[in-house]
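Next come two complexes, and both contain chain A; in the first it sits with chain B, in the second with chain C.
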Partner chain A sequence: MGDANRYPELRKRLTPGWWTANRHYAMYMVREWTSLFVALYSLIFIYGLSLWAAGSRADFLNFLKNPAIVGFSLVALVFTMYHAATWFYLLGAISPVKIGRSKTKPWQALVLNLVLLVIISYVAIWLLVLR
Partner chain B sequence: MSQDIATIRVTRYRPEKDSKPYFQEYKVPYRHDMVVLDALNYIKAEMDGSLTYRWSCRMGVCGSCGANIDGEPKLTCASFLHDFKGRTITVEPMSNFPVIKDLVVDMEDFMEKLVKIKPWIIREKETPPEQGEYKQSAQELERYSQFSSCINCMLCYAACPIYGLNEKFLGPAATALAYRYIEDSRDQGKDVRFPIVHEMEGVWECTLVGECSVVCPKGVDPMLAIQKTKILGATNALRSLLMPRGGHK
Partner chain C sequence: MRAETHKVARLHAILWGIFSLGGMIAAFLLPVLIYLTAIAYPFSLWPFNGAKDPSFLVTGHLLGALFVFVTIAGSLYHGIFRFQSVLTEVGLLKYRRALEAVGYFIIFVGIIILAYYLGTWYVNGTIR
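Presenting the complex of A and B:
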């Protein structure tokens, strides 16, 4: 750094509100925050499973039917879908599949992954609850 | 040709005199074809010769004139004054770098990173020139060509909050260039570059903010290069694990 070391260093540092500077930063932060809801839902679900392990399937289902849990689950579902959609889109942007001479577009990966998500979720719900 | 007046607020900081930076305002007459860099040149030539900033080519090739214009990292030579009509234009030095004077930042850290990733073609054994050039198909060129358009303007570093938090992070442009050589069919230096890009402060620091790719004035997508480097590293590690002998390629 040479001579610059003789003077106090001036460097514009990040402030706690850096992510409000533009829309891209804000959307990034929303994406990161949504993972908190994913984590919280996972904890709730693990607790529910522990009820099933310790007692019966009815305890597990009753716990999930609690209005507060249902309400939180709906909020968590919205955020989880947003979180998943952003990653599915990025997946398509990072690893496009070559078909002949053209490459797949990110939105195609998004749609395909969302369809797979719905199918896998339905199978999981069927195995756990509906069966 | 008609002239308008642009109001420009420029960061002034002379470390030998000022304890902290301040804004100085200038009124600059401009024509429709003038950019922010033209305004800075006008200020320096006609109003205040002490204003200090970097510039060279005036056409988005040299990458020297980057600054934060209204908070966004941009090339001053590629930002038209008429786009800011009716507003005060704020010109600050690029974020995340130490400021030497006014708009001039210390590039040392980036220069070290640039050299660190070995931005040249590495061959296990050089063939003599009389044996001809190393040939490459159009498809092989396409795999890395966008990443070779980087002009080292460092706008991506100014836009990257990860670099803002941790200056040890290898960062967008250096990784994009590393990936450019990793993907080059003529290069045989993967074993040398992989440990550099995959160290703790290498690609794995990136959390996909993506602003580097948004601000790049040359259409390079450093975020993509970083993620592709992650995928290459992960598949390489898996291959080494499953096939310890000869799996590493």
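Presenting the complex of A and C:
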């Protein structure tokens, strides 16, 4: 007996366009595809460091000022922020905190973590650049 | 057989744990790194409107190098892990093993190269 007969749900294979069926699926897919920009930015940064290692510090800095890299990075920043926001919302949905009789809502986790993101970013800049 | 299943389950738990940690790193640390390298530096905005530039972030002190390593390695792992997973949901499920192999190869090589550059610069004194 094959898997499809033993487990009928296995017959329901997802079609490549299943995520276009409704808005929630589409937003899920957009959220997942933001990971491509997270990964590509990381690889591009490593490539920039390799230019520095093989040549000079100026090569790395010129690479960062390349219009194509700046353009891609700006798009990557938008998607990274979207990734961060959806990740924070997801955290609130998966593990709500119980306070008294009520539980925290996902949007509260989103707001709290966005505030944390701003604080962490400022502290990072202060520690790594300004100090 | 059962011990083997437990080993696989434990490995999956570890990989998903690293994935979650990478998600936190990408959410909290990657935006500021992209801001510094892609906006502040090219457009001479705060905090790079003075004498410093992003190379200071990498080699200015050990904490900066650690920040770069954790942010890039964590984001790379999270991004590739999630992307190869989403590809299996858009019709490439039958290539899952190959996608995983390519994904882990990119993660492994990327992190090793990053660690090599930063480690070399630390040893030869470029990182102060």
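The rule is simple: the second predicted complex is superposed on the first by the 95 of 131 C-alpha atoms of A that agree within 3 Å, B and C clash if a C-alpha of one lies under 4 Å from a C-alpha of the other, contacts with A are read in each partner's own complex, and residues count from 1 in each chain.
Note that a residue touches a chain if its C-beta (ideal position, glycine included) is under 8 Å from a C-beta of that chain, and two chains touch if they have at least 3 such contacts.
Predicted, not measured: the structure shown is a model, and the values here were computed from it.
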Practice prompt. Would you check which partner chain A:Met81 touches, where first means chain B only, second means chain C only, and both and neither mean what they say?
Written response: second
Discussion item. If we overlay the two complexes on their shared chain A, which of chain B and chain C does A:Val115 touch? Say first, second, both or neither.
Written reply: neither
Practice prompt. Would you check which partner chain A:Leu14 touches, where first means chain B only, second means chain C only, and both and neither mean what they say?
Written response: both
Practice prompt. For A:Ala124, decide between first (touching chain B), second (touching chain C), both and neither.
Written response: second
Practice prompt. Please tell me which partner, chain B or chain C, touches more residues of chain A.
Written response: C
Practice prompt. Please indicate which partner A:Asn22 is in contact with in the superposed arrangement: first for chain B, second for chain C, both, or neither.
Written response: first
Worksheet item: Thinking of the overlay built on chain A, is A:Val97 touched by chain B (first), by chain C (second), by both, or by neither?
Response: neither
Practice prompt. Pick out the shared contact residues on chain A: the ones touching chain B in one complex and chain C in the other.
Written response: 13-14, 18-19, 32
Item to complete: Please give the residue numbers of chain B that touch chain A in the complex, ascending.
Response: 13, 15-16, 19-21, 68, 71-72, 92-93, 95-100, 106, 108, 161, 164-165, 207-211, 214, 224, 227-228, 231
Practice prompt. Spell out the part of chain C that touches chain A in their complex, as residue ranges.
Written response: 23-24, 26-39, 41-42, 47-48, 52-58, 60-61, 63-64, 67-68, 72-73, 75-76, 78-83, 85-86, 89-91, 93, 106, 110, 113-114, 117, 120
Item to complete: Provide the residue numbers of chain A that touch chain C in the complex, in ascending order.
Response: 13-16, 18-19, 29, 32-33, 35-43, 45-46, 49-50, 52-53, 57, 60-61, 64-65, 69-70, 73-74, 76-77, 80-81, 83-84, 87-88, 113, 116-117, 120-121, 124-125, 127-130
Response to the item:
Touching chain B in the complex, chain A uses residues 1, 4, 6-14, 18-19, 21-22, 24-25, 28, 32, 90, 93-95
